[in-house]
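Several structures are given next for inspection.
Heads up, the next two complexes both have chain A, just with different partners, chain B and then chain C.
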Partner chain A sequence: MIVLNQVSKVFNKGRQNEFVSLREISITIPRQQVTVLKGPSGSGKTTLLSIIGGMSRPTSGRVTLDGRETTSLPERFLAALRRETFGFIFQQFNLISGISILENVMLPAVPNGERHAVLKGRALELLAMFGLEARAAARVELLSGGEMQRVAIARALINNPGVIIADEPTAHLDSKLSEELITIMGRLKQEGRTIIMASHDPLVCEAGVVDNLVEIRDGKIRDSAPAQ
Partner chain B sequence: MANIEKQRAILDFTLAALMRRKGKNAALLVVYTLVVAALASVMFLTKSIRSEAAAVLADAPELVVQRMMAGRHELIPVSYIEKIASIRGVKSVRGRLWGYYYDPVFGANYTLLVPQESPPEEGMVAVGQGVARSALAEVDNIMPFRTSQGALFTLTVGRVLPAGTELVSSDLILLSAGDFKTLFGIPDGMATDLVAEVSNLSEIPTIAAKIARLLPDTRPIARDEILRTYDAIFNWRSGILLAILSGALLAFFIFAWDKATGLSAEERREIGILKAIGWDVGDVLMMKLWEGAALSLTAFLTGVILAWLHVFAGGAALFVPVLKGWSVLYPSFHLTPSIDMMQLAVLFFLTVIPYTVATIVPCWRAATAAPDSVMRG
Partner chain C sequence: MILHPSVIALICGSLLTSAIMLYASFFALRIIRRWDLASGSELQLELEHRTYLISTIMACGMVFQALSLFLFIQTADSLSTLFKGAMCAAGTLNLNMFGYPLLLLKLAIFLLAGLWLIINHSDNRGYDYPLIRVKYLLLLGITPLMVADSLLLGLYFGSMKPHVITSCCGSLFGSEAKGLAPALALIPEVPLLAVLAAVVTALLISGAGYLRSGRGAVLFSVLSLAAFLCGAAALVSALPVYIYALPSHHCPFCMLQREYGFTGYVYYATLLGGAVSGIGAGILQRFRRIGSLASLPVFQRSLVTGAMLLFAVFMALAFWQVWFSELRLT
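Right after this comes the complex of A and B.
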């Protein structure tokens, strides 16, 4: 269970361009379910995801993961948390260009110090799962949007994380690919993973796989309810 | 074991990342390699010439006694031999005849010497490789000279000295005592200088002091002093070359500093991605450390190998006119490889370490920033 208690985030605090992104957010995200943070651009969804995923720290408030507080963890432990507990799928996919698909998928596991052959085998298995094993050596910039998305998902899964965080995962996809992504998310949920997505795409928000819908606007939670 | 695998994985990624910017990194590598090669060439050449000179001069006389007049080197009476031989500790004393001859035809200065052992017969000379090259002299050729009286004086080339001793014999002409005296008009009973052998090398300073007291118009010169003079000359010459190269070195440092310290937007973004997917600051810095080390170690090793080939296989074609200038006849001989590990270590610490550190510093700031910027595309 991921619990956020009175979480606020202020950028450029004390300066002229101070901006309050999140205001005293308290929310509980259950495990092994799909939770969607819904809201318009600038509502604070991405900031909230980055705080949940340990990429940034709240200005005030606490985040606990299965009862363990993560907000005050030193950077090294926070990096390990990002690596071992979370798998990230970014809006722009954020794959590293110039290197192969396989190398991209293996990247999050590099600091683990696993045997190269074992890691490579696991990365190839994941690529096979997404029908990309034949293109393992291809460079990422040569991929289509759908292929990039699947590589990004494979990379998010390389360390077998319990929580998948996806920020606007369908923003650059057509309807067919968006539906494909939702199907994959459903599969990951069945495997027992927790999925947290930020999206304002009706295809995602209204998908049958979604368990909880949290509506955010102006940095505050407007509504939090189980999905219909 | 896990740490080795981790380092290997980071290095794998670093090399793959380096290959992405082939043009930029290749340009840097070429410039870096050339700078290391130039500096290492000067070091190798200076060191091996000094070793060579020291090896050849090891057979030089332990003590040379010159007569001075008005602060200038003057002919010395052979009667001084007996006086010096009477000093305790002196094993033997003999006179030497040597001097310089300017050949106006070839515009070259020769060193003329009467060897102690097996001098050429009257009318014959043995010439160094440089003389043979410049005067186009072969065995049995006649070499014309002008005596101090202006008369023509011809000598026949009996042999050409071996190339192995060319560093000190390039401009040398060996001839008999009689011919030498005729050529320069040196009176009987005089020599150019005297050389003394001593029984105990540690007594050389004492014996030199006794000679100076006994014969106040003379100047004793110990072999060590000659070696020190050669050392000083080569240090001075390599200093000149390094001063010239320092411009190139400075340009390289500016280039490398710019390359190493300037983190592109693309590199910043990549660091953000790596941190977001679970790399910590240490991992990112380790990657940059490997990047700097891979580039600078490759440049260093390639540069040193190129310098080795340039100096010991290619005869140091680029620097030899400055470092090996000897009269006007340049010796040409194959240098024996001789490397000062201390100098190599200094070169390593002046090139590899600063570059590697320079690559890490800018990365530090990017790596310590929160990774959430990548979430915002």
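Right after this comes the complex of A and C.
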């Protein structure tokens, strides 16, 4: 269970361009379910996702993950927790060009110090799961949008995380690819993973796989309810 | 003031470190008074964000201040050619009333900075800042010493008068001189070396016992302090006479020079390093029961091993030099 307690985030505090992104957000995100953070652009969804995933820290408030407080963790502990617990799928996929698909997938696990052959084997298994085994040596620049999306998901899964965080994962996809992504998310949920997505795409918000819908606007929670 | 590069480096480094220390002390007061990990307040989160940066900068400052002891001794030694009567660092330090107090202050800072680094390293092993108050309290204790160090450095180098004829080691550590150093020089050499050997042997046995059973860290710590004091006394009383093969020459500084293979630096580094590691291992014993410091025994073992090695090197070098000295005392 991921619990956010009175989480606020202010950028450029005390300066002329101060911006309050989140205002005292308190929510509980259940494990092994799909939760979607819904809201317009600039509502604070991405900031909230990055705080949940330990990529940024709140200005005030606390986040606990299965009872363990995460926001006070010193950086090296937070980095380890992030690596072990969360898999990230970014809006622009953020794949690293110039290296192969296989290397992109292996990258988040490199700091773990695992044996290269074992890691490579696992990355190839993941690529095979998404039908990309034959393209393992291809460079990222040569991929189609759908392939990039699947590589990004494979990369998010390389450390076998319990929580998948996806920020607007369908923003650059057509309807067919979006539905494919939702199917994959359903599969990951069945495997027992927790999925947290930020999206304002109706295809995502109204998908049958979604368990909870949290509506955010102007940095505040407007509504939080089980999906219909 | 003599604008020697080392003098400029020492003064600038010390001023910079003192300025950082003063700022960190202000932060330390806030930590000691307001730290509350259970709170999610803006202030608490700000303190959490900043402590990592401040302790990292402070660690660099502490390392600089500890190492500046050696730069200071080397500078005092190299400046001895500029003053009449000075033949080594002993004469340069005696140029005015600030030299020797500054040396003692730098020794104290070395030991305290070393202990602070050990506590800081241990604190960084815990996910919940387990030693944060201890390390900032110690920092508050070290800050006045650092500021005094900057002041004394300025006064010492600023008061150097080229026309002053100074006394050097021959008279400063001679039998007619007064003070702590000549008193140390009067300690009989052979018994002192025997005591030193006994203390270091006890320390090595105690360390081996600790490494085997995980017990006796405090005893090891006390023995480290005793070995440090005996070693320091031997560096004035017993070892110089064998190193220089002169029964009346008790200078602990001439051995820093090329003619004696710069062995003084090895003695000082091993003695001080051994003392810091050994005492640090004992201090950490107090915090072993803190849940988030489960890795502390591993660090303690490293410290004990390090201290044993350093004291062993000190003893080996000392006895090698005594054994092969041209001087024989009965």
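The definition used in the following text is that the second predicted complex is superposed on the first by the 228 of 228 C-alpha atoms of A that agree within 3 Å, B and C clash if a C-alpha of one lies under 4 Å from a C-alpha of the other, contacts with A are read in each partner's own complex, and residues count from 1 in each chain.
One rule holds for everything that comes next: a contact is a pair of C-beta atoms (placed from the backbone, for glycine too) under 8 Å apart; a residue touches a chain by one contact, two chains touch by 3 or more.
Note that this is a predicted model, so its numbers are computed, not measured.
Peer 1: Does the chain A-based superposition show chain B and chain C clashing or fitting?
Peer 2: Here chain B and chain C can both sit on chain A without a clash.
Peer 1: Could you say whether A:N5 touches chain B, chain C, both of them, or neither, answering first, second, both or neither?
Peer 2: After superposition on chain A, A:N5 lies in contact with chain C alone.
Peer 1: Examine A:N159 and indicate which partner it touches, taking first as chain B and second as chain C; both and neither are also allowed.
Peer 2: first
Peer 1: Taking the superposition on A as described, I'd like to know which of chain B and chain C A:D167 touches: first, second, both or neither.
Peer 2: First partner only, chain B.
Peer 1: With the two structures laid over each other on chain A, which partner does A:R57 touch: chain B (first), chain C (second), both, or neither?
Peer 2: In the superposition, A:R57 touches chain B and chain C alike.
Peer 1: Is A:H116 contacted by the first partner chain B, the second partner chain C, both or neither?
Peer 2: In the superposed model, A:H116 contacts chain B only, not chain C.
Peer 1: Quick one: classify A:G192 as touching chain B (first), chain C (second), both or neither.
Peer 2: Neither chain B nor chain C is touched by A:G192.
Peer 1: Go through the superposed model and pick first if A:E75 touches only chain B, second if only chain C, both, or neither.
Peer 2: Both chain B and chain C are touched by A:E75.
Peer 1: For A:P202 in the superposed arrangement: first (chain B), second (chain C), both or neither?
Peer 2: Neither partner.
Peer 1: For A:G67, decide between first (touching chain B), second (touching chain C), both and neither.
Peer 2: Touch partners of A:G67: none, neither chain B nor chain C.
Peer 1: Of chain B and chain C, which one contacts the greater number of residues in chain A?
Peer 2: It is B that touches the greater number of chain A residues.
Peer 1: After the two structures are laid over each other on chain A, how near do the C-alpha atoms of chain B and chain C get, in Å?
Peer 2: For chain B and chain C in the superposition, the minimum C-alpha gap reads 10 Å.
Peer 1: Quick check on the output: what are the common chain A residues between the chain B footprint and the chain C footprint?
Peer 2: Overlap of chain B and chain C footprints on chain A: residues 57, 75-76.
Peer 1: Under the definition above, what is the set of chain A residues touching chain B in their complex?
Peer 2: Residue positions touching the partner: 46-47, 49-50, 55-57, 75-76, 79-80, 82-84, 88, 90-92, 94, 96-100, 103, 106-116, 119, 155, 159, 167.
Peer 1: Going by the contact rule set out above, which residues of chain B touch chain A in the complex?
Peer 2: 1-6, 8-10, 12-13, 16-17, 19-21, 269-270, 273-283, 368, 370-372, 374-377
Peer 1: Tell me, which parts of chain C touch chain A in their complex?
Peer 2: Answer in residue numbers: 37, 40-42, 45, 48-49, 52, 124, 127-129.
Peer 1: How about chain A: which of its residues touch chain C in the complex?
Peer 2: 5-6, 8, 57-62, 71-77
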